[in-house]
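Next up, some structures in structure tokens.
Shared between the two complexes below is subunit A, which has subunit B as its partner in the first and subunit C in the second.
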Partner chain A sequence: MTHKESETKGMSLIVKTITRLTVGIIISFGVYIICHGHLSPGGGFAGGVIVALSFIHLMLAYGGEEAFKRLSKRTASLWESAGAIFFLGLALLGFTGGYFFLNFLPKGENFALFSAGIIPLCNLAISIKVGAGLFSIFVALVSLKISAEALKVKLKKGKNQL
Partner chain B sequence: MIELYLLLVLMIVGAIIAIEIQDLLSSVIAVGAVGLVLSITFLILKAPDVAITQLVVEILCLMILIRATLKKDLPFSTTGRWFLNTLIALCFIAMFLMLFAQCVPELPRFGHPIMRVARIYLDQGMLKTGAANIVSSVILDFRAFDTLGEATILFTAVIGVLAIVRRIGRKKEDEKEVEGEE
Partner chain C sequence: MIKASDIIPFFVIIPLAGAFLLSLFGRRARWVPDFAAMVAAILLCYLSLLSARLYNTYGLLKYSVGAWMPPVGIGMVLDGLTAFLLVTVNLVTLCVTVFSINYMEKYTSKWKFYTLFLLMVAGMNGVIITGDLFNMFVFLEIASVASYALVAFGTEKHELEAAFKYAIMGTVGSLFILLAIAFLYTYTSTLNMADMANILAEKGSSQIVLMASVLFIMGLGLKAALVPFHAWLPDAHPSAPAPISAMLSGVLIKSLGVYTLCRIFFNVIGLTESISSILMLLGVISMVIGVFLAIGQWDFKRLLAYHSISQIGYVMLGIGLGTPLGILGGLFHLFNHSIFKSLLFLNSGAVEYSTGTRDLKEMGGLSAKMPVTSGTSLIASMSIAGVPPFNGFWSKLLIIFALVEAGRYGYAFWAVIASILTLSSFMKVMKYAFFGELNRKWDKVKEVPFLMKLSMVMLAFICIAGGLLIYGGIGDMFLKPAAEAMLTGTKYGWLILNWLR
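The block that comes next holds the complex of A and B.
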């Protein structure tokens, strides 16, 4: 894609510049919320939604193709399933010590980043799942609208030809 | 406490505006205002976890509403049976108000839960799980089954959306013909 073509897609230059500056901050804030889910308010669900929002932000400003280059629809569904299996696997690994959802890792020091056993890992799994899932829902709904409009245009063209 | 009531009144006003206003975009913005006020309410009630989640989910919902559904013409169903509909609505409101009035005396006072189990979580949550954030220790350790169920619900929702709105299978007969010509 040439430079001129990429300028025509998506929103105006102002929005694109602001997006380029803010999208990294948004995604790192989401990762911060995920990683500190067991220490400060937030957690896997909120952090996952923030990460998904950063991709949606990119998609709204630059158009779908630029966002799909970084996270395609198929990859998003794969990540979602992987997050679900990760979470379930953590729960099943509890059987090594006794029961479902056993916190089998050492607790560690209080208020440290690497503490609380499997809770940070669970946060990570849930955030992957939620982020990828919500992004794919958004993509599905928006691309449905775009494809429906394209179909309408096609139908009109076809009728004109007839 | 007074600010809480102010926020609640603001939320009700916003909800009424969202229903009554004619323009669809203004209605969506009013819904967003209600969500923002709800988030501030959670913050005042000292639930920052819920406030963050409410805020980000509200933003996502607004984006989906604006981006995916706003340009469609939504026909309003105005049937001639307004008298019957109003009567039924009033009956239901009266019924729920009666039930509400019967339930209120049974409720514990605001901020004084009667749950005995939660006391252990609050007292020994950090000792038992090692997580400083008590909410995380509850949703991912004590009540992890609930979180698994919630994750399953979200997974099912995503699968449902992707299955319903995918492009294949949505084409009618005449649309296929047009595509065949090109």
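The block that comes next holds the complex of A and C.
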């Protein structure tokens, strides 16, 4: 793709520049929400949504191709399943202490970043699942629309030929 | 150390793990999805039979998730009713999985099918084993959402339409259930079902409990497809691939609808006279209207779907009556219906697999070409119509006996009428689809592959043997504890919370 072509895809230069500047900040805010999930409001779900939004933001500003370079459909769906497996694995590890979902790690000090046993890890697993899942849902909605449009074009062409 | 109660969470763990591992590795090779689903289904079936045995040796089993004691933490409970439903669900799951191995070849991305399928099983098992009202709602949503996607699995136009209708109506139903749970939570300040039963028994009834009851009847009645709330079922069940139709009609409407209604109205809120008569009225309306709508159908699967509504009516009629014999008959019919209805849907799937049509007018004389399908279909039809000695006869007889014993002659009369109409409707199916003259079009039709035959024969065998359930040892181990669990009523709360104090 030449320089000019990449400029014509997606939205205007202003939107692209702003996006380039803010995407990093959005992701790091999402990561902050995830990491402090056990200490402050937020957690895996909210943080995962924010991380997914940053990718959606990229996709809106630069078009699908640019976003898929960073996170393809296939990888997103793999991450989603991996997040779920990670969560279930944590729950299963509780059986080392005799119970499903047992918080088997040391709880640590109150309000310290590394505390609360498996809860931060659960938040991480949820954020992976939710982030990748939300991105996949967005992609599915967008690409379904694209394929419907492609179908319409095909039908039109067919009619013209007739 | 392994305790007997450690078995309980595995009913959710196995299908969930299977589903997500499949979505990770299912694309690797063609045999992976079949193999993984088969392993999960066999394990679940074995564990469910084991759970029935464990219940009979150890009595009530309870599990606290994460070692948090209920009512604060989430409790899981294995009582007679749970064990009974678990066996029903997982037995049908096993047979349907065996059937899907060959049947789903004609669709692409089998691993997606099995992922959704196992998620649905996880949701159903979760609804059955949980002892926490909100947890029940979460599992109910897992199973429902998976089933919305499965109905649309063929992605043809009418399938998407049916799935959309189902999704909208199902979500509205779920909303009613959530609202009812919220009302009960505000009134009792607890979500644990046992604790809630105790507090409701202490505080007595009030308007808010009545409101919650009404919402539960609407929401769960919609999940169970009782008549005023049935409109989604005749579209959704025929549109799904045949194994999924079998799961939806066979076990989903029962575990999400009938079981939850039983658990909430018998063990949590407590069955009052008015609720009992509402349930019976809904049951009799579903029974009669369902069968009347079914008679005129020419689409094989749509006809079966209407019969599901009618047969659920029988189940609700028996259970709503509330007498020991009525409950026994209702539960027995629930088990029988899940066996013969899933068999009938698999039959319709087998016919569709071989001939590519679901229209009864186009079929004809298929018994010459497909002996196993037509034979098992005959057994299932006789069972659903209530012809002795098949299992459907015994359960309908029990329900009618219970009605007569309670002096409800009117209801008993309608139950008999609906049974006769069911028989006539299935005679039509048999005549047009399997007997009569062979339609020339089907000269080259072949019988379905081995695994599909195996699964149909397995279910047909249970149809014949199931009639024996009311006699002797198996019934005592299996059916009676379930009826007893419902008859304990709101004492359920004391039984479970005794272990905490």
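Just so we're on the same page, the second predicted complex is superposed on the first by the 162 of 162 C-alpha atoms of A that agree within 3 Å, B and C clash if a C-alpha of one lies under 4 Å from a C-alpha of the other, contacts with A are read in each partner's own complex, and residues count from 1 in each chain.
The rule we apply is simple: a contact is a pair of C-beta atoms (placed from the backbone, for glycine too) under 8 Å apart; a residue touches a chain by one contact, two chains touch by 3 or more.
Quick caveat: nothing in here was measured; it's all calculated off a predicted structure.
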Quick check on the superposed pair: does A:97 touch subunit B, subunit C, both, or neither? Answer first, second, both or neither. second
Touching A:56, do we find subunit B (first), subunit C (second), both, or neither? first
In this superposed model, does subunit C or subunit B come into contact with more residues of subunit A? B
Look at A:85 in the shared chain and tell me whether it touches subunit B only, subunit C only, both, or neither; answer first, second, both or neither. second
Let me test your reading of the model: by the given contact rule, A:77 touches which partner, first (subunit B), second (subunit C), both or neither? both
Given the touch rule stated above, what does A:27 touch, subunit B (first), subunit C (second), both, or neither? neither
Overlap of the subunit B and subunit C footprints on subunit A, residue-wise? 77, 80, 84, 88, 91, 100-101, 103
Which of the residues in subunit B end up touching subunit A in this complex? 48-49, 51-53, 56-57, 59-60, 63-64, 67-69, 71, 126, 129-133, 135-137, 139-141, 144-145, 147-148, 151-152, 154-155, 157-158, 161-162, 165-167, 171, 174-175, 177-179, 181-182
Using the touch definition up top, name the residues of subunit A that touch subunit B in the complex. 33, 37-46, 49-50, 52-53, 56, 60, 77, 80, 84, 87-88, 91, 100-101, 103, 107-108, 110-111, 115-119, 122-123, 126, 129-130, 133-134, 136-138, 140-145, 147, 151, 154-155, 158, 161
Which of the residues in subunit C come into contact with subunit A in the complex? 1, 9, 13, 16-17, 20-21, 23-24, 63-67
Residues of subunit A that touch subunit C when the two form their complex: 77-78, 80-82, 84-85, 88, 91-92, 94, 97-103
